[in-house]
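Each of the next two complexes has chain A plus one other chain: chain B in the first, chain C in the second.
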Partner chain A sequence: MSDRPHPILVGVAALVYLFLMVPLVIVVGAALSDTTYLTFPPKGLSLRWFENIFEISAFRRTIVTSLQIAFLGTLIALLIGIPAAYALNRFRVELPNWLGTLFVLPILVPEIVFGFALLKSLTAGAGVPIFAALLIGHTLLVLPYVVRVISASLASFDFSIEEAAISLGSAPVKTFFTIVLPNVRAGVIAAFILAFITSLNDVSVSLFLTGPGISTLPIQILAHVEQFFDPTVASVSVLLMFLTVAVMAVVERTLGLTFLAK
Partner chain B sequence: MTQPLDLQSISAHYGTTKVLEDLSLSVQAGELVSLLGASGCGKTTTLRLIAGFLSPTTGSITLGGRDLTRLPPHKRDIGLVFQNYALFPHLSVLDNVAFGLKQRGLGSTERRKRAMGMLERVGLTPLADRSPGALSGGQKQRVALARALVIEPPLLMFDEPLSNLDAKLRVDMRVEIRQLQRANGTTSVYVTHDQEEAFSISDRVAIMNAGRLMQFDRPEVLYRRPANTFVARFVGFENIIPFKVTARDGAAVAAETAGMTLHLSQAGFGSIPDSFLLATRPDGLAVSTDPDAEGLPAQLGLRTYLGRAYQYQCETPAGRVVANGSLTTPLEAGTRVKLVPVPEQCTILPAEGAH
Partner chain C sequence: MISRRFRRRDGATGWALSAPATLAVIGFLVVPIGAVIAGTFMDPRGIFAPYLSYFNSGFRTTVLFRTLQIAALTTIISLIFGFMTAYVVARAPGRLKSLLIVAAVFPLLTGVVVRAFAWLIILGRNGILNQTLLALGVTSEPLEMLYTQGAVIVGMVYLFVPLMVLSLVGVLENIPRDVLQASSSLGASPLATFWQVLLPLAVPGLIVGAVLVFTGSFTAYATPQLLGGERQTVLATLLHQRAMVAFDWVGASTIAAIMTVITITIVLAMSHIARRINPMAT
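And then the complex of A and B:
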């Protein structure tokens, strides 16, 4: 048999790439257009719609809020999710099976329902301030992903390695940080990125929890397109994409640094 | 530095299932003791109790007079070698070995010096900077050994350290382990389910069955004088035939079983109870075609070729037994023979229920 991939395989792969890339190309193209309406291919080239984002104060504010919520929410979810995933795997034999399922349940609930339930209980019910409610909502939204992804990477971790470290005199908590965590770093990075992006792009949960004065970027985009048809939405989308890529790069660099240095 | 280990009537449970029952075991300072037994008999559980990863339901564990029973595992100062090596994947070979020294607060130059010295003893100096993922099984196990030895623990424990290695390497490594252990004089507990491995490297062997200690003695004693039918079968006494003493005359004893009388001298066996079991390996029953021989009447069944002998499945009035016959005269199935016990190759066990 030849080493060359089958032509059909090449064709399908090319189609998939096309399918994935075309929307991106269109959005980037539309964002660069010099027109006052959304169009593709772009007519003329200009960065004025990128400038426009920062001229609209609502965009400026919501970008900051979205980044804050996504960053803090992901961090809190990691602080809860890493120990939870560790316990679920370390004591798999001793713990009942349904406990693991419990952490995945929020994924099964439609996000709209989830958002509405949070509105009822947090903002309307307990009078939690909007920012805090958003933070709680997003933390809960991304927690299942964090637990799942880190569990998957702990599943292939051999806990006798941990016991070896303990027998050599390393206290259990210290062992967790020096031995367990470095070996699931890839999982932590993946969980961080997945959670951050999920939070940054969320509409359904935020829709219910945003309120006067505080909103997130996706909600602001929705509000904007209801009134305007200019290329600002496209340029915001491009900005959002770059932010995501930047965050991924930063996370890879910082969390992955010791890994690369090895 | 060498210290005795003492287990006092330990019992252990997983949930409600009892996995160890009333286990007492004393390992002398500098001694290597193996725990030997079938899968699931509680060997690993015993190690985990000593290491502190599991608490006994009852009983106590002391090491050199220090009570370990309630001490957390990281304070027990025990070197562990695991079946799957359990090396730290994110650390170099050198850092793996130096890990325990770091926990003991040694400075980095001292750590490096000692770890390199230990790596030299196990012949791994050139691999110090490798990552464990890039080592062969035998090399990994040497690193694991070095990592456990370098902290100079008063107790070393091995859980089937060689079972992932191929046969040849297994034999080489066990000699190496024994030499290192001897040189350091470190008290050691070694878990294996390989009888040859246990007998070859241990000062004493503890044979376990279903969470209980069946016999604890030197390999030579276990091999020649098992104390009960379980150990007897375990070390290869396949034939266990019940006898009753019919006459005693000084040291001479006559005993009888279905169709034969056996003459024994008490001298070789210590005391012989009135009712006992004669245990032999297949080599301990001579196959005789002489109809007048004083032996167990038998009819030969299936014959298999062992290389050094033919082995026969035999039907006798005392049940089915296995005997080895000479290579020069292969006998056919159905032949009627006498099986004559060779006293030097037999041992005597108390009758079932008598102990």
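And then the complex of A and C:
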């Protein structure tokens, strides 16, 4: 087989990429339209739908809630996930295999089932406040990504360096922070970003964990789309895309873009 | 003696370090979901009553089969196009390849709601596709494209093709080119090389990709909700409707149990098959 793919294959691949990009371009176009309805190509250019996002208090509130939940949930997932990933790699022999599988469960079970189970046992069952339940749900939702990405970085870490430091008299905890953690820095950054984006975009877990006055941005977008067909949602979508581009730029600066493909 | 003492302490340290995450997953995921499933077997009408009433309802069995059908079609379409695209990406020269990978990652990082919404603008009654078709004179009145099974499948393929491409690029890159060159220099036609060498080597990766897409589309909520509406109710939207609109907790729990069992069975069965086909696959 020659090295160059068949022209038909190249053509199909080009069409697939067109299929991937065109809808996003249309959303950007619709967001800039100066009309009260969604249309493409935009009729007249205007940024008023971007202003409209912040004039609707439900959007303002849910943007803040979503950012809070994504940030706190990711932070907690890192706090409990990093030690777990470390233990899974460092004590591979001593710990049972099922422990690794346990941390993958949150992406193995259907998200929507997980959200429903949290509604049943936490908010409806035990009267847990919605914000706390959302935080718990999102922490668990992103935990598998954290454990996986950091485990992958630790897999290539040479633990004999750590042992050398400890046998030379460095305290184990100090060794972890001065030797191990700096070596998996890239993994921690990648885990943070992946977890943050996953939490920010989540629909299925949050779906059941919203209530009067508290909701997340994707749920608010769903609710808005079902009532109004104006370009506000297109503008919110563009804001989210900008955020994604910013995140990818950060990744590119710190880790190189091909890191994302791993 | 000393080493054994150390090892035992090490094991304890390992448990202690993984304890917070372990307890969180057990307490907030395993127990709640277990309780949902266990609850369906404690119905006063009898142990399997909720399942009997589920499968006795024509509407609900239709929803189950529709969901399976949408997931299967999405998986097949994503496999075919994902494989062809991944093949081209894997063979692309350095810079172009990174660009193509970034172009596949970007939609993946854009949320599902945004991506379903894009198709709402395209497929709507006054959407871009209808406007174009009307302008071209292909049709005299707008076509009803939204709230059809086709709309849901297009939205789902849009959701999952990038995932398939990215997971297959890695698989195809790991197939040594020497093997393919050996095949053709020994006289195999490009088609024979594809069917007898490339495809068998890629099968474990194809299975992993297929499982990701099937379970993802089997349990998706936002896309069928926005593009399929009530006319294309799937298990996820039915679960939400039973729980939040009808307050039918037993019905919702039964759907949750059916979804969980099907998903986990498929994941376990397919990863078992993938491992048997290729012992190198993890």
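Here is the rule we go by: the second predicted complex is superposed on the first by the 222 of 262 C-alpha atoms of A that agree within 3 Å, B and C clash if a C-alpha of one lies under 4 Å from a C-alpha of the other, contacts with A are read in each partner's own complex, and residues count from 1 in each chain.
By our rule, a contact is a pair of C-beta atoms (placed from the backbone, for glycine too) under 8 Å apart; a residue touches a chain by one contact, two chains touch by 3 or more.
Everything quoted here is computed from the prediction, not taken from an experiment.
Does chain C touch more residues of chain A than chain B does, or is it the other way round?
Greater contact footprint in residues on chain A: C.
Just to be sure I read the superposition right, which of the two partners does A:Val64 touch: chain B = first, chain C = second, or both, or neither?
Neither partner.
For A:Asn201, decide between first (touching chain B), second (touching chain C), both and neither.
In the superposition, A:Asn201 contacts chain C only.
What is the contact status of A:Leu18 with respect to chain B (first) and chain C (second): first, second, both, or neither?
neither
Per the contact definition in the header, classify A:Ile161: touching chain B only (first), chain C only (second), both, or neither.
In the superposed model, A:Ile161 contacts chain B only, not chain C.
Who does A:Glu111 touch here: chain B (first), chain C (second), both, or neither?
second
Chain A residues touched by both chain B and chain C?
262
Sort out for me which residues of chain A touch chain B in the complex.
Going by the criterion above, the answer is residues 158, 160-161, 163-172, 175, 179, 182-183, 259, 262.
Within the complex, which stretch of chain B touches chain A?
Listed in rising order, the residues of chain B that touch chain A are 51, 53, 72-80, 82, 84, 86-90, 99-100, 103-104, 131, 144, 147-148, 151.
Where on chain A is chain C touching in the complex?
1-6, 9-10, 12-13, 16-17, 19-21, 23-24, 26-27, 30, 37-38, 40, 79-81, 83-84, 86-88, 90-91, 94-95, 99, 102-103, 105-106, 108-114, 116-122, 136-137, 139-140, 143, 147, 197, 200-201, 203-204, 207-208, 218, 221-222, 225, 229, 233-234, 237, 240-241, 244-245, 247-248, 257-258, 260-262
If we count contacts the way the header does, which residues on chain C are in touch with chain A in the complex?
7, 10-11, 13-15, 17-18, 20-22, 24-26, 28-33, 35-36, 81, 84-85, 87-89, 91, 98, 100-107, 109-115, 117-122, 124, 126, 128, 158, 161-162, 165-166, 169-170, 177, 180-181, 183-184, 190, 193-194, 198, 215, 218-222, 225-226, 236, 239-240, 243-244, 249, 252-253, 256, 259-260, 263-264, 267
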